[in-house]
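Have a look at these structures, which come just after this line.
Same chain, two partners: chain A is paired with chain B first, then with chain C.
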Partner chain A sequence: MAIITISRGSYSKGKEVAEKIASHLGYQCISRDVLLDASERFHIPEMKLVRAIHDAPSILDRFSHSQQAFIAYIRYALVQHVKEDNVVYHGLAGHLLLKGIPNVLKVRVIADLADRVRAEMKREKISEKAARSLLLKDDEERRKWTQALYGVDSRDSSLYDLVVHVHKLTVDDAVEIISDAVQRTPFKTTKQVRQKMEDYGLACQLKAGLAHSFDNVGVKSEYGNVLVYARGNEHYVQRVRKKAREVTGKMSGVNELEVHAVQKLPLDVV
Partner chain B sequence: MSIILISSDHYETGRSVAQQVAEATGYALLDRKILGEVASASQIPEPKILKSLEPSSATIGFSAKVRNRALASIQGAVMARLLDDKVVCYGLAAHLYVLGVSHALKIRILCNEEKRVSLMATERKVGIEKARKLLKKQEAAQKRWSLDVFGRDETNPSLYDMVISLSQIEPDEAAKVIVETVSYRKFQSMTYSIKCLRDRELSIRVKLALMEKYNDVDVTADGATVVVRTKSLKREKRKKAESIRALAGQIPGVSYVEVHTVKDIFRQAAESA
Partner chain C sequence: METLTTEMIMVMIMIGIAVFLFIVEWVRVDVVAILMMVALPLLHLVTPKEAFVGMSSNAVISIIAVIIIGAGLDKTGLINRLVGPILKIAGTSKSRVVIAISVTVAVISSFMQNIGAAALFLPAIQRISKSTKIPLSQLLMPIGFSAILGGTMTLVGCSPLILLNDLLEPFGLEPFGLFDVTPIGLALVASGLACFILLGRFILPQGGAESAEETSQSPIENTLIEMGEIYEIQTPVNYTDYREPVLVDNLKRRYLVNVLAMTEPPDFKVLSPTGDQEVRSDVHLLVYGRKKDIQRMVEVEEMQLKEAPEIFKGETEEGASGAVEAVVAPRSPLMGKTLREINLQDRFQVTPLAIYRGEEAYRAEIGDVPLAVGDAVLIHGEWQRLQVLQHERSLLFTTPIDVELLRPEKAIFAGFWLAVALSMILIFNIQLSVSLMTGALGMVVTRVLNIDEAYQSVDWRTIFLLAGLIPLGIATEKTGTAAWIAHTILNIIGDVQPIVLLTVIGVLSTIFTLVISNVGATVLLVPLVVNMAIAAHTDPRMAALVVGLATSNSFMLPTHQVNALYMGPGRYRSVDFMKAGLVISIVFIVVMIGMIKLIYGV
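Entry: the complex of A and B
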């Protein structure tokens, strides 16, 4: 009973690993489904969501908060899936989007650049130079995205619980190692973990409801008591309070709602 | 059987995992305890041998010549022990120089960052924020050291078969994952992988013997054939090649020595100036 996120570069065999783990453990395997759900629920074209989660923010994006809003929608859709438990997610940024859930086994699957180039050449029928250039560009885009939005380097191994190098170790070995690791104590879904998942789900739902209109807000929930932190003047905080009441009125599982004005958003908020 | 090479961003944590792996597999633990033997064999004081494995020696302290000899001596001792098989090697930078050996399982252990910050704060008697900055500085120095000395970034995960972070996984669980992984058939030694290790051991032995006279040699071995690459002036090329052949030929296990020299353009420019 756990959640596994697989982070991967293009042609790193991460997708194959994820699908095999899901089949081996009898888990649900999700990736693009999350974007489709978010697109359907929030009426945003899927392409815009893909760009929000894939492309590094441009200068203009940094002044608008649409990218942040799209990420809030994607996170909400992802949390709805993982709340069911027993899930393998191999879409983009799972390890960052599910940061607030404790029993997530965060895995990165890597492969040598030469192997990746060969795979891309074969599939796309392009030259070695073109394949290499595309892969490096894609990797750089990922790095910039995580750096701009989360202030971390996607290549930093400490962001993950396990990094498996598929080279000497095969896809089947990686499947065995990850399936074995996820059975270990820290990744079991306990009663406390389930409560945290419920709280994280509430926070993500409210954040998605606020994200379209407000960018300087952070949300967290403790046992159904939802706390909203807003950074702005009194008028701004009043507007956030009104909207938060409206959104939580339609949500189930919320006991209390508090809205606080702050100078700096706390680190543990969504 | 196989060999396990473990590296870590925190010495004590990595060592504790290496110890647990050694106990669980029944393998010998090869760690910095061998530095005493290395010191007496190389006649370099033990503190200097230890210093060669630490970042500070890349910029300050003793000369590059002594550092290179100290590192080659460590490599020689490590390679010789690894040939015995069934070894867990830790704290001797083996992940940076044992390359192309298929029965070597390479693992990096990452200690929880907050734990490292708190340990640093206690050790240096500083606040948490100051400790965090010191830790970042130390990490950058360690990365520079591995690039400077071995030309490889030891934080690069593709250098390893697996990286395990101890943020959620307990050290004993990490040890179990390693023990399970090393039992895979691909980590069993084969005639070819043992030959690769033997070749590397011989090349480092030859390099060590040549280093007493020549510091600019690069040695590779294939069976009993040794290839030495060095720089030299045109006028001393023949004499240097003969001397290298004579020195290397005395090493047990060497039957043929090939010497490749390239023009030492810097010395030539200095002499013609």
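Entry: the complex of A and C
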């Protein structure tokens, strides 16, 4: 009864680890499904979503807030999946997108660059130099993305519960270690955890509904009491309020909605 | 024409600084006044003696005395006793309610501070609104405006008029008598009321039965209906056995339920427990919340809801504790602070329950909301604790809480001393400040209120605002700045009819009072307009009177204390004030000029 996120660089064997854990524990293994769901639900081409969650924000993105909106859509789709529990997610940024859910085991799988280069050369049939440069560029892009959107360095090991280096340890070793870790108490789905998941789901749902029109908003929920924080002038807050009422009107599980005007968005909001 | 001197330029710079600070409000207006009081003698624009002459001015002494007399009348409940009979006359028709209360408030505010008169009737108006189903927003604005207009009925009704005679003195002009302004004031109150009675449906916000769709969503309706109530609940014996610790704060955040009191084994009672206190097994909780929230909590947390308070019966009885609505006043030190910073819980052992702002009600995480002028905070606590909070005077209480401290047996003395003060002014022609101070002293001597209570009732912010700005007026006059500006303006506009000049002065005063407070506007404008009037061969006393009256023409923005007080409870938005205020402001100027022409034949 838990959720596992596997964060990985390309060709780090993370996908293999994820799939094996899922089959070992009988969990659902998801990755691209989330993007497909979001694409379908919000009528956004999948390619755009992939770019939003993969590429660091460009100069253009800094002026428009479409990237923020796309991420809100992806997060919403992801939360819908993990609410069913017993899930292994090995898509991008799982550990960041699911920040508000307590029983998530966050794993980072890493591999030696030399091993990764070899794997890529073999699969893509390219030169070593090309493979190496592609990998480094990809890693750098990820680092920029997390830095720009969450202000953290993706290499910082404190973001994860477990970092497994697949080199001396084999994929099977990794599967065993992770499967063992996820049995521990903090990752059990208790009544409280279920409530938090519900609340996080509500917050993400409302945020997805607001994200298209507003960028300076944060949402959180506790036991169905949904709080929206809006940073802007009276008129802006009034508009957020109207839209939030409209969105929550179609949601179930919302007990109360309040929209607060703030100078600075609190840290624990979606 | 005189030439512009360095001193004049410096005075104009100081005026510019004062006006700028009044508008941006980096510091409070009374601090700006003190800044002037200190800066002007340092720049040798006034002598040190002149700098502090405001402190001993008739205006300042009069206002201190008026405040003490008002507090005395308040203490005896003399005015409270008016409320009952007035309401009986008023009945349930909206127009009659508005007229009866407005006229009473106007009369009271003609010899008390406007804000005091306005606050006095607020609880009664709230009750009437509930029982007659007339929306509060339809009642409060006409009554609040009447309180402001009532201030123009006597020379002690509002600060600008009290100040007027002092400002006329340097010109050697004849001072005004106490009731000289009364006919004009009466006409202003009557015309204001007539506007609301005749045009009310166009200028007052129509919150309510207009459209069915709006009603179900209307937060105004919600706050009226969904005000919470007090319940007692009990936790099961095994409450903590099978769940994570639940804190007082958790109940608030999860169910929007406020814990007002809690028992603590073996038999202690904790009042207004702090958020980090744990809810234990088999304890009794006194909680405040909406019924649906309480029911949800009881269900989820498996608690037991009692039909009526048992353990906390004594605490919930009327007279022991209750909830009050308190409004963040203009110039309040609490402006911009959050409830978490103010920390009412620890300092006063009272519990803030909700914040009402405009048409919104905040219940969740109210600790983080920065307070703004006009916000109404619902606070629960023991009356004694609430009184301590009230004495701090950072919040205006819209519910009277010192009922048991009233001294009704002293009413006769209070009335007597008020009569003495008035007859000294009217019959014996003794100066305002001396007469009023005699009345105030009389009340202290006959123990209507004791001297400490008298001191405490004085609002030092008003005193320093008045006293600090007087030297600015002196400097403007002494250096010839006022005369220079007056001549320059007259040169530009050329010869005008006296009536046109007075109208222009009226409009100018209205604009000034909206941005830089009524006292500031009076002090700056009176020397100016007197010079202008002399140069244009118009009666300078009338020009000054127009300023004194028109600085009460403060309806278009919720900057006047009374408007700020009624804004929260009436759930008004700024735009509501602009709409009704614009109409009333125009009528005010027309009626005022008309009456001055009629009576003084300008």
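To be clear about the criterion, the second predicted complex is superposed on the first by the 270 of 270 C-alpha atoms of A that agree within 3 Å, B and C clash if a C-alpha of one lies under 4 Å from a C-alpha of the other, contacts with A are read in each partner's own complex, and residues count from 1 in each chain.
We take it that contacts are C-beta pairs under 8 Å (C-beta built on N, C-alpha and C of every residue); 3 or more make two chains touch, one makes a residue touch a chain.
Worth saying up front: this structure is predicted, and the values here are computed from it rather than measured.
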{"item": "Fit or clash between chain C and chain B when superposed on chain A", "value": "fit"}
{"item": "First (chain B), second (chain C), both or neither touched by A:E222", "value": "second"}
{"item": "Chain A: partner with more touched residues, chain B or chain C", "value": "B"}
{"item": "Which of chain B and chain C A:A181 touches, first, second, both or neither", "value": "first"}
{"item": "First, second, both or neither for A:V262, with chain B first and chain C second", "value": "second"}
{"item": "Touching partner for A:S158 - first (chain B), second (chain C), both, neither", "value": "first"}
{"item": "Which superposed partner A:Q192 touches (first chain B, second chain C, both, neither)", "value": "second"}
{"item": "Partner chain(s) touched by A:S252 [first = chain B, second = chain C, both, neither]", "value": "neither"}
{"item": "From chain A, separation angle of chain B and chain C (C-alpha centres, steps of 10 degrees)", "value": "110"}
{"item": "Superposition-derived minimum Cα distance between chain C and chain B (Å)", "value": "17"}
{"item": "Complex interface listing, chain A residues touching chain B", "value": "102, 105, 108, 110, 112, 155, 157-158, 160-165, 167-170, 173, 177, 180-181, 184-187"}
{"item": "Partner chain A, residues of chain B touching it in the complex", "value": "102, 108, 110, 113, 155, 157-158, 160-165, 167-170, 173, 176-177, 180-181, 184, 186"}
{"item": "Of chain C, residues touching chain A in the complex", "value": "217, 244, 253-256, 293, 296, 300, 360, 362-365, 368-370"}
{"item": "Residue numbers on chain A that touch chain C, as the complex places them", "value": "192, 222-223, 225, 227, 241, 245, 255-256, 258-260, 262-263, 266"}
